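These are the structures, in structure tokens.
The two complexes that follow have subunit A in common; it is paired with subunit B in the first and with subunit C in the second.
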Partner chain A sequence: MKNVLKNKKAIALFVVPAFLVYSIIVVLPVFWSFYYSLYSGSPGLKWEFAGLKNYAMLFKDKNFVAALWVNIRYVAVVMLGQVGLGLCLALMFHFWLKKFKNFVRTLVFFPVVLPTVAVGQLFSKIYEIQPSYGLLNSVLSSLGLDHLVQPWIGQASTALGALSFMDIWVAMGFYSVIFYGALLDISHDVIEAARIDGANGWDLFRTVLAPLLRPMIITSLIFSFSGTVKMFESSLALTNGGPGNATKSLSMYMYNVSFSYNKVGYGSVIAIVIFLICIMGSTLIGRFDKKEL
Partner chain B sequence: MKAEKKFTLKSGLIKLFIFLLVVVEIYPIFWMLTASFKQSYEWSSKPAYALNEGFYFQNYVDAWTRGNMATYFKNSLLCTLIALVFIVIFSTTVGFAVTKMEWKFKNAVAKYFQLGIMVPVATSLIPLFQIYNKVGLLNTRASLIITYIAFGLSLSIFLVTGYIRSLPDEIMEAAVIDGCGIYKLMWYVVVPLMKNAIVTVLVLQFFFKWNDLLFSMTFISSSSLKTVQTGLLYFSDEFGAKNWGAIFASVSMSILPMLGLYMALNKTVMEGMTAGAVKG
Partner chain C sequence: MKKKILSTLLSVAMVAALLAGCGNGSTKETSKETQTNTPSTTESEAATDSTDQGQAATQDPQTEKTIKILSIWAEDNDNGVLINEICKKYQAEMNPNFNWEYELVSSDDLKQKIATLTASNDLPDIFVYESGKPIVDLIDADKIVNISEVLEQYGCADSMNPSAVSLLSTLSGTDDIYDLPLGLNVEGFWYNKALFEQAGVKVPTTWEEFEDALAKLNDAGIQPLAAGGSDKWGVTRLINAYLVRSAGPDAMTKAANGEAKYTDEAYVAAAQKIQDWADKGYFGQGVTTVDMNTAGSMLMTGKAAIFYNGSWFTSNLNDDSANLAGNDGIGFFNVPVVDEKISAGDSYSMNCGNILCFSKEKYDDATGWFIKYFVENMGNTAMKLQGTVKGYNYDTASSNVSGYTQMVLDNINSAKSAFTWYEATMGSEVSTVAQENVQTLLTGDMSAEEYMQSIQDAFDLSN
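Up next, the complex of A and B:
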């Protein structure tokens, strides 16, 4: 047994190819970005060492601050929406739904499997106001709520909200399935015992279920966080960052700076900021897990 | 009696709420499918929520031929499927090597692969573009495939290792005593045991790769190599903003592989996701 599992040739064959691909394509570029961020211009074109100048520029750049703010608000709303509503759905499946459990679970998972661009196109037609009313506006107007008819993604005040709703809509089912699995693992006796002790509804959730679900909630938050920090595809497909800069995220701004304006050095700085936010945010959320172990 | 009445009212309200949530989750998809069969005059003569009058399949024909969906589909399928094969091979072999095999750096290597889960795609984009530009891979399918494989590894290996750890050693020991070498052991014993984990990895990664927009819009510029997602993004330019029927037809088409796969593997995926794979 030992000899078979110590087979050096096999280990090398199993690990080395993947190791190389992963190191060159995923890990190396992160360091490369750090190196790029110290230069101005783009490689081959006014490519000069700039030291930390790019980093200093960051805080004076209004567009960067705006994108950061959009990104923060988006992460906060979507993360809480996805995980919170997912948890609510799972609780409802578990405790209040008897007959159609699996059927409903399959249905709410549907949006999860849709490609982001397809969802973006779909919702842009739902929110549409010109040339003819989209789904939402036509429903509102037929209900006599004409004063609510508005260009949902055409005005800065509602665009980010409309985008957030879309992304919550997409991922809610995913988290509900994960939480439902976690709920199934909680022994029925525990819940029964708490019920006999008089805990019901909110109390039952707060004192019994929430602590037991805690690791799963943390994992989901990290998952959702790292997904939403990257905010790119959905806002590109729905609003293309607009109107104005109302839904332009850090990733989109980075993309514009480095590929449209050709400022690769400065774009790399933004890329690194995204990287740092991702790492710090996930570690911070992860902290909550270990505290009470 | 009174309490019972209150209870039914409450549970009725909750059922109504669940029903509404499900409607909100499902109705847009249903609407899209019906809308894809509408002719263009239906959009102006009727409200958007009206059902389609007939089944106008010309929308699908338009999308498939004039909208180049045929090309986009071929490209997406090629890139995704080739990448998936490698992701599955790499993640099972690495996953096995870092859990059950015995060598010095196995834990360090496992951690190293895990780091990638944290790396946002945007951070690697600029250097990757420069690398591919230098080695002449820009605007080729190969650039997409390699990137897909590399970025699929971390999560897949993470999922697979969690699963392999829970496999009992005895089965493998028995196989080795019967004279199995490492490769035979892998192929005839380990892989069949890992069927659920592999399916979960396949479905998850198929979803991620099929969904990719950032890489394909960055690395691919010629329209004959574009994937479904990039194609969809510029679709309204091709057909004009008014031809919703064709746009919806192409969007509906793009979701079919996902929906099909999901329906076929629904049970395995749900099991894989709820039974430990994701929980790690």
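Up next, the complex of A and C:
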């Protein structure tokens, strides 16, 4: 085995095919997109070199700023919600729940396997107000809270919140399973010892569990970040970006610009911005990891 | 460190998926289905001497010709059936030397495909396209045949339905038409007769009566209007309805030409009208979450009294399981008139669906004769086979026309002129803004002025 791994040719044999495939389907499109971003029009038709004009347009574009702001708020809320609630659920499974553990776990994990479009349909029924009240509005109405009955996904003030809630609900089960696995790995002795030292619940979490779970938290945050920054299908399924553009994300805007308006060059610029946001975001999250080392 | 690499890789992989989408734009595969039809009999009597110029105007010279047709309907579906039927009959009755190749492209790829073919000067003889802005670009580039001239030359202009012709010329912004219609739909207000009776409301013909009716229905505890706010176009059509009746049928065209601004008083007033209705609760709560289908079923189940939609809505009305109002429970009225001088009561909101264009480069006498046959026979063929009106005159009756379909036919036949829909003159960027923001207009997050300003801004930006 050692001999094989010392042989440069053997290494190349293993690495090159995968590297080639990776380059063609991952690296190449990035450069390709950069090349596109310098042109205006659509490929094949009025395809002209535009220099940095597309980039300049970015700063004047109100729709871009609006989409960016929607995206940032969405990422912040959904990422914290998914990971935070996932962690709480895992703690609940581990320390609190004695009966029906498996049943509850299955129940919480269940939404993860549902198709996004189905979830979108489900929640648009839950939030429904016309022609008849959906689940949420009828519960509010029967509790006598009629002033709270409102078109949850039909007005700009609540649409993004309603969408975020849906996405947190979908994914928190996934993170709870990850954290639950990590909690099972933590030796009982450590927890026992802390208890004997007189640590209450919060102390236990803060000083013992949280540091031990740290790598898992970071990984989950990165997972969640990359899942939410591309915000597209759930918003498309629930609100179609509306009302107005209250739930229109950067990637939806990019799609519109490239394929509806046929401005592939400008669309590529937006794609590059998304790319940069991803790199910045994951570096930022990675920073927390480094401190420890 | 490892984590950092992992995280970067993850994000790269993810974004690459987004970017890859852009790269494919130009090379998208089109579903292709080519088929050549050869005549069963290749006899050609009198094919030689009839090509003389003198005879061309009276009798088909039976020139040998293979016509390529690019369509979005399969041969056994919708207009595909009709186009192929006409070709078959033309071959059998008029010109045995005529052949056709029928190629299929998905309707989503149509514009892209035509754009590519235009750029490479390779447009097929006949192709299905979209009216409005897309066809204007082709006319400007001088790529398609002036159909009015062809109809004149071959003496078959009488076979066209006049409102279809007026509609097509409005849509292309020219006096002549450059395309043939493949449908003729009329739009207007469908109403629930039982609810009208319950509130003691008569079918309105003027806008004043219409607003009275809305108020009366509302007072009677009936939701006056259902509208598909989540599909957006169901609401923009309402703005258009008032705009056309108060400022004339060419209002949107003027704004698109730069002769007027979308922020002018009449335009803002039309948007304001719809916002006022929303404020008064005429649409019920949360209209932006209702789609056209739901709105339609609200009308049919008696939850709302009036619903704006096109004649294609008859397929829902003819479905007994969906239409609780029954075979005679729903009525239709044209957009009420504000001022008879500006826009008359016999002017309807109409559209021709997809249209047929003819490549100028490939056009010759043989195509001309085919067009003549097509125009003269399409009306009867469509009525006989499908019971539909396609924008050509017809003199046969279909045996199985339901009451609702007949109602639509009567309205189409009584139309003297036609006006187009709201987004017909808008580019895709402007129309996206106009549709998206109409939701914020309904919720009151945007005033009527701001709404029209946003359309004007998008218009300025795209020009």
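The rule is simple: the second predicted complex is superposed on the first by the 271 of 293 C-alpha atoms of A that agree within 3 Å, B and C clash if a C-alpha of one lies under 4 Å from a C-alpha of the other, contacts with A are read in each partner's own complex, and residues count from 1 in each chain.
Quick note on the criterion: a contact is a pair of C-beta atoms (placed from the backbone, for glycine too) under 8 Å apart; a residue touches a chain by one contact, two chains touch by 3 or more.
On a predicted model such as this, the values are computed, not experimentally measured, just so you know.
Q: In the overlay, answer first, second, both or neither for which of subunit B and subunit C A:Asn262 touches.
A: second
Q: Figure out whether A:Ser33 sits in contact with subunit B (first) or subunit C (second), or with both, or with neither.
A: both
Q: Answer with first, second, both or neither: which of subunit B and subunit C does A:Pro243 touch in the superposed model?
A: second
Q: What's your read, subunit B or subunit C touching more residues of subunit A?
A: Partner touching more subunit A residues in the overlay: B.
Q: Which of the two partners, first being subunit B and second being subunit C, lies in contact with A:Phe275: first, second, both, or neither?
A: Both partners.
Q: Once chain A of both complexes is superposed, is A:Ala10 in touch with subunit B (first), subunit C (second), both, or neither?
A: first
Q: One more residue to check, A:Ser226. First (subunit B), second (subunit C), both or neither?
A: So A:Ser226 meets both subunit B and subunit C here.
Q: What is the contact status of A:Gly286 with respect to subunit B (first) and subunit C (second): first, second, both, or neither?
A: second
Q: Answer with first, second, both or neither: which of subunit B and subunit C does A:Val108 touch in the superposed model?
A: first
Q: When the two structures are overlaid on chain A, which partner does A:Pro151 contact: first (subunit B), second (subunit C), both, or neither?
A: second
Q: Take the contacts of subunit A with subunit B and those with subunit C, and give the residues found in both.
A: 25-27, 29-30, 32-33, 36, 43, 128, 131, 219, 226, 229-230, 251, 254-255, 258-259, 264, 267-268, 271, 274-275, 278-279, 282
Q: Can you check the complex and tell me which residues of subunit B touch subunit A?
A: The contact residues of subunit B facing subunit A are 11, 14-15, 17-18, 21-22, 24-26, 28-29, 31-32, 35, 43-44, 47-49, 90-91, 93-94, 96-98, 100-103, 109, 113, 115-131, 146-147, 149-151, 153-154, 157, 172-173, 176-177, 180-183, 185, 207, 210-211, 213-214, 218, 228-229, 232-233, 235-236, 241-242, 244, 247-248, 251, 254-255, 258-259, 261-262, 266, 270, 273-275, 278-280.
Q: Name, in rising order, each residue of subunit A that touches subunit B in their complex.
A: Its residues touching subunit B are 1-2, 4-8, 10-11, 13-15, 17-19, 21-22, 24-30, 32-33, 36, 43, 89, 92, 96-97, 104-111, 113-118, 121-123, 125-126, 128, 131-135, 137-139, 141-142, 169, 172-173, 177-178, 180-182, 184, 216, 219, 226, 229-230, 232-233, 236-237, 250-251, 254-255, 258-259, 264, 267-268, 271-272, 274-275, 278-279, 282.
Q: Show which residues of subunit A lie in contact with subunit C when the two form their complex.
A: On the subunit A side, the touching residues are 25-27, 29-30, 32-33, 36, 42-45, 124, 127-131, 149-151, 153-156, 215, 218-219, 222-223, 226, 229-230, 240-246, 248, 251, 254-256, 258-262, 264, 267-268, 271, 274-275, 278-279, 281-283, 285-286, 289-290.
Q: Report the residues of subunit C in contact with subunit A in the complex, numbered from low to high.
A: Touching subunit A: residues 3-4, 6-8, 10-16, 18-23, 25-26, 115-116, 118-119, 229-230, 232, 284-290, 294, 297-298, 301, 303-304, 427-429, 432, 436-437, 439-440, 442-443, 445-446, 462 of subunit C.
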